[in-house]
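What follows is a pair of complexes built around chain A, which joins chain B in one and chain C in the other.
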Partner chain A sequence: MNNITYHAPKTIAEAVSLLSEVQEARILAGGTDLIAKWKKSHFFDMNLVDIRNIGELSVIEEREGRLFIGAGVTMDRVCENPAINEKFPILAEAASKVGSVQIRNLATIGGNSCNAAPSADTVLPLIAYGADVCIVSKSGERRCALKDFFKGPGKTALEKGEMLKGFSLPYPAHGTVGMFVKHSRRPGMDLATVGVATVVRLDAGKIAGIHVVLGAVGPVPIDVEGLDVFVGKEMGAASEKIAGVCTDAAKPITDVRGSKEYRSEMVRRSVALCLEGSSK
Partner chain B sequence: MQHKELRFKVNGQEQQVFVRTNWSLAQVLRDKLGLLGTKIGCGEGECGACTVLMNGKSVTSCLVMAVQAEGAEIVTIEGLANGDTLHPVQEAFVEAGAIQCGYCTPGMVLSTVALLEKHPKPTEEEIREGLTGNLCRCTGYQKIFEAVRLAAEKIARGAGR
Partner chain C sequence: MSLTTKESEVRYEKGDYSIIGSRRPYVDAIDKVTGRTVYVTDISLPGMLHGRALRSPHPHARILNIDTSAAEKLPGVKCVLTGKNVRQKKWGPVTKDEYLLAIDKVNFVGDEVAAVAAVDEETCEEALSLIKVEYEPLPAVLSMYDAMKEGAPQIHGEFPGNVNHHFHIPRGDIETVFKNAYFVHEGQYEASLEYQAYIEPMGGVSVWDNRGNVTIYAGIQTPTWSRNDYAVALDVPVEKVRIVQPPFGGGFGAKLSQQVHPLGALIARHAKQPVRFCLDRVEDFQCGLPRVPMHFKLKTAWDKDGKYLAKKVDILADQGAYASYGAAITLTAMYRIDIMYQVPIVHSEAHLVYTNKVPTGCFRGFGNSQKHFAHESHLDEVAEHLGMEPDALRLRNIAVPGYMNPHGWKANSVEIEACIKTGMARSDFHEKRKKFFSFNKTESKIKKGIGMAPCVHVSGNRSFIKPFEGGAVLLRMNEQGKVFVYCNEPDMGQGIRTTLTMCVADALKLDFDHITVPDPDTDIVPFGLGCFASRGTYMATGAMHMAVNDMKTKLIKIASQILELPEEDLTLENGAVVSLSDPSKKVGYPEIAWKHVCDYPGQHMLGIGHFTPAGVEYPDEKKYNNISGGYAFGCHVAEVEVNTETGQVKVNEMWGIHDVGQPINELALEGQIQGGLAQGYGWALMEHLRYGTDGKIINACFLDYQVPTAADIPKINAELVDSFEWTTGFGAKSIGECCFIGIAPALQNAIYNAIGVRFYELPITAEKILAALREKNGL
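Then we have the complex of A and B:
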């Protein structure tokens, strides 16, 4: 107990080589979840691979006509980055709702996904914008949709020896509006009781594309399916039905933050609120 | 138990200390360097008592492993005053009566310094937002918010001089 071995690779190549060699290696990024968990769980032994010194992981840049956000980018940078604010505003908004100033200065966008908490704030807009994750290992690189990355609370699609390199986001089509709601007990320093991200494209008042993602109402973030039937419909007439489909898709439980009945109702209202905001 | 040599700068001074890999930055500042102004409250990043500036950004030093501070510049509450002259934020906290038991004060002051660097004329919302990560169980916060406004005025006046 309380033994920590510490590695601080400078490159992705060094990091993945350590991940394949070191037994039960744990990636340390911001540390805001891992170190807190370590302290709460009786200081279990850890073999840490600290990725904060890897420059390649902290880039935000255009690649292949999409925006690439490195896994090691801290939340404060997500909040302030001009490209993210312009093209993916609800991602910046969600990042600004994470923890506190001090936590956002440490916590990374990659950690928020890899921790795989059902309530993770930045995951919802990332999925709603159609983000892919880039995963690296010693044997190369692979990509998958972020919505398929989550396998359960605290469980991801990352295999042994793999690490998250970053997110690749397609630029939204013109006229796309994103809305985000974090419903929590207090405005700061709290996990979401219900989180909702919507990305909607309207064409002359009619729905041309719609994506709704729900957080903290299931074991993994829920990318609501079956919304394509509303394409071509007037938003005003459809929004109540869409909120109903989303409420049915939610699988909330009762915990300290709220009952399942309350969460269900908050999904309905938050989705309706987002859709109403999108058509303004 | 793994040890490592840590080189970093604390309050402008180069430091070279031998640390255990399982120590937090807060522990090293307190136990190795004797900088007891950095308080450890919850130990989980919720209360902000351990707030220090790391490379110019406020962080909860209980969640930073000491070995991660390699090469970093750290400012603790001890590094703010210039000799016997208090930093304007410290002065403002004293004058506004924003201190009761004092345990949260070093963290509050450092969060205020970081806040005012970003927002020299903070709105009420920016003040509350900027201090979300610092809990105070005595004051009810009003005197602290008053101190932040006063500090902003003091800094603006100082800059205009």
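Then we have the complex of A and C:
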């Protein structure tokens, strides 16, 4: 028999107090991952904490000179929001490639991170734009860089009693160009075989800043390190080398979506494609 | 009296149709899209329990012991069955090789070991988890290529070497032709395991009465015919088995005789309450009846002008753990295509083998799709060798009306030439080939290609029951003048209900609201084989033609009495019988129907029709004799772009041009053609049910077993060429399978045209393409 207790807190305070008190708490935001997992794992018992009534989790607004996106904002709102489209266009693009229309109407940007799937689409641009996560618990609020949030497939830095409140993104400097590639078997609806987000700033053809994040090619999203050496270099000359560094950073495995060799090749090609797009 | 109507006796003429040939939405469409239709999965009966099966986790293992005691004690559990505690016989539609519940040995991952009935599905699940089965794993055969090897594990003792059937059909002296021919070509091709992916998994609801009669509400294409199989499985006389076929979510061939129905009935018999037994999607992937994988060795001989001299094919077919329809499917793969080309000498041989994988069965094309992939790829290779255009090679060899092939099959209406020529013209095939040839020489990482393949299928295949072929329709007009259509060519979403409605409306001049086609119930409908082998339209409308004429005669006779006018002066118009000489004199059907009910107290007026396809005979022991009266033809064309950096294929546009005789419902035909091409596109480029080395399917879900979504499917152009099949009343041939068959080889040929690399196994994925391109370029 299913043993589920349903809770519908109206405030963050109520929610975090529930999370610290009850056993087997599961947060229901969009439910698109949770319910699938619940069905697949033989209907485990849970204290279901539905956070959809908490208004503060669904805001998109400017705070402290940065953009705050609540964890409960659905993917369709991410796709359509003018501020996101203007300042963080590849976040909107990545959100538009999550699941299907029906999924995007329910799934949330916070859930996409908290589910911690290596293939999560919106995580890549968020990291590339340098997003921080705001984590709340009964004892207060803490922040960390999103890139440090992921601890393994399905594992995050969230401790018991904590929940994700939202993302805080610094506005990119003028001249910054983001590019996103989701390589999948089927354009219609699929998980990424390889995902790539790049955020590049050029100054007279020379690289002034570069950030590359890879998805589905390791246990957690990979924020490629060691790209600072290319700052000051001509993009045209450096792009092949950067793609090489990224390919070396990827740790793909073979699964039903693709072999590690193919994935590796798609990382190289997708990064090159992004960099080429950034210089246009 | 011979059961076969001589072909010379039959020559139907095209009528002056008003409804037939128009575009009509399905009569049941609105109920379906608004959620009113009650599907099999929705059925709930008073006191109904739920059934679930415990399935083998091993591909091949001996059952040492089963302990059900804990499950039996669980509250809510009504009964727990195992192979040891129920009476059962082996059953199967062709070979009787399968138990409902395994007794000593399991033969694939998913094989049923035990079954429970309980108050709800969750209790069933819990009960299953309490059943302890002790297995002794055995070595398994996981590849058809290993099945016949010396020392291979033996799956069924009665079939040494794991060979269920070996067929050899030689026609003519082929070796001499090969020795003397201008050009001989050989190739090998492999068609993969494809899942039907219908929207509703297999299932049924069974209920027994106190006289030992069982009613199964079943998602089934063959209600009347499958009763025989189910009676064997349940070890009861066939008259005890009644099947009601409610609307169900598609079948594409998988839903002929299925394990799920007799097993559900078996559980219900022991539970002594109605039982709903429906598979979940994972089970349906695991133990549905997906397409029979096949390997082809093809060898063909040609003269220098492209005349097709001889064809030799050697097939290895994988039927999985149990035979289902494997034998008939393999036979079809061997020679069905021989009615499309005039090839005087044809040899075919096949081995159908058991493996420890999912039993494979019928799927749109029935072996003929697999063969078309191999053969139409092969013919493109031949055309290139001979320096001919692909369509020119085909046109040089296609069948013509009246063509009798080496198997004794005779084609009546044949418009394959029009199909090919229209396909070439609509797709601008030759111009594009030229344009793409120049384009592909540029540095672009995108390469473009266009490819074609013609196709053929039957409209009914006489090879299942020796004394029977044909179809029947019974029309009943009730006392209000409403017509009910009873027929055993059932609707499974393909729209035959609308087809039959249109025929009645056209012939009896009656509006759709006064015509109903009830769900088939084997206690009520005439005998018939059901929905497979693209039988429906050809057989049912053939019978319908006779039935409407019968009813028309009766309507006019009674109207003549009411109106006191001679019968010759009367005609049907707008739901009434009307005088030709004075149209003001008329009588509506309700009045006629009421008079019939009064004159013959209580009797409804009947229109009786039966149809025997002319010139069709059961094959002799050498598989000789014409098996179908209506061969349907088509030509498929696909235009693609291949990204040489990723291997991804973008299909820009597809064309399906078909000869279906007289079209009945052009809207439904367009839908069938689009659906067929879309499904074939999935088979060609995406779909593959894959097994791991542990004998388990690794992609038994729609996330990992991908079918094309609406967002992936390109523009599909459907067109029908002018045709009339004179052996059946309304001149209609069937579309169901033919519209699937040509597109996979057309896509293969288009990809070859783009990148100059040919793929000999399906599906042609991006990863395979990229690897092949790198090999070609020596990387």
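Please note the rule applied: the second predicted complex is superposed on the first by the 279 of 280 C-alpha atoms of A that agree within 3 Å, B and C clash if a C-alpha of one lies under 4 Å from a C-alpha of the other, contacts with A are read in each partner's own complex, and residues count from 1 in each chain.
Simple rule for what comes next: contacts are C-beta pairs under 8 Å (C-beta built on N, C-alpha and C of every residue); 3 or more make two chains touch, one makes a residue touch a chain.
As the structure is a prediction and not an experimental result, all values here were calculated from the model.
A.B. asks: Using the touch definition from the top, say if A:Glu265 reaches chain B (first), chain C (second), both or neither.
C.D. replies: second
A.B. asks: Tell me the contact category for A:Arg257 with respect to chain B and chain C: first, second, both or neither.
C.D. replies: Second partner only.
A.B. asks: For A:Arg77 in the superposed arrangement: first (chain B), second (chain C), both or neither?
C.D. replies: So A:Arg77 meets neither chain B nor chain C here.
A.B. asks: Going by the contact rule set out at the top, does A:Lys165 touch chain B (first), chain C (second), both, or neither?
C.D. replies: Neither partner.
A.B. asks: Examine A:Leu106 and indicate which partner it touches, taking first as chain B and second as chain C; both and neither are also allowed.
C.D. replies: The first partner, chain B, only.
A.B. asks: Looking only at chain A, is it chain B or chain C that touches more of its residues?
C.D. replies: Of the two chains, more chain A residues are contacted by B.
A.B. asks: Let me test your reading of the model: by the given contact rule, A:Lys97 touches which partner, first (chain B), second (chain C), both or neither?
C.D. replies: A:Lys97 sits against neither chain B nor chain C.
A.B. asks: First (chain B), second (chain C), both or neither: which does A:Thr32 touch?
C.D. replies: It touches chain B, and chain C stays clear.
A.B. asks: Of the two partner chains, chain B (first) and chain C (second), which one does A:Thr5 touch, if any: first, second, both, or neither?
C.D. replies: Touch status of A:Thr5: first partner only.
A.B. asks: Just checking: does A:His183 make contact with chain B only, chain C only, both, or neither of them? Give me first, second, both or neither.
C.D. replies: In the superposition, A:His183 contacts chain C only.
A.B. asks: Can you give me the overlap between the chain B contact set and the chain C contact set on chain A?
C.D. replies: Dual-contact residues (chain A): 2, 43, 100, 187-189.
A.B. asks: Quick check on the complex: what are the chain A residues that touch chain B?
C.D. replies: 2-6, 8, 28, 31-32, 35-36, 39-40, 43, 48, 50, 52, 76, 99-103, 105-106, 187-189
A.B. asks: Which stretch or stretches of chain A touch chain C in the complex?
C.D. replies: Interface residues on the chain A side: 1-2, 42-43, 100, 183, 185-191, 256-259, 262, 265-266, 269.
A.B. asks: Of all residues in chain C, which touch chain A in the complex?
C.D. replies: Of all residues in chain C, those touching chain A are 122-123, 125, 645-646, 686, 690, 698-699, 703-704, 706, 708-712, 765-767, 770-771.
A.B. asks: Which residues of chain B touch chain A once you look at their complex with the stated criterion?
C.D. replies: Touching chain A: residues 1-2, 4, 20-22, 24, 43-46, 48, 51, 54, 57-60, 62-65, 67-68, 70, 111, 114-115, 128-130, 132-134 of chain B.
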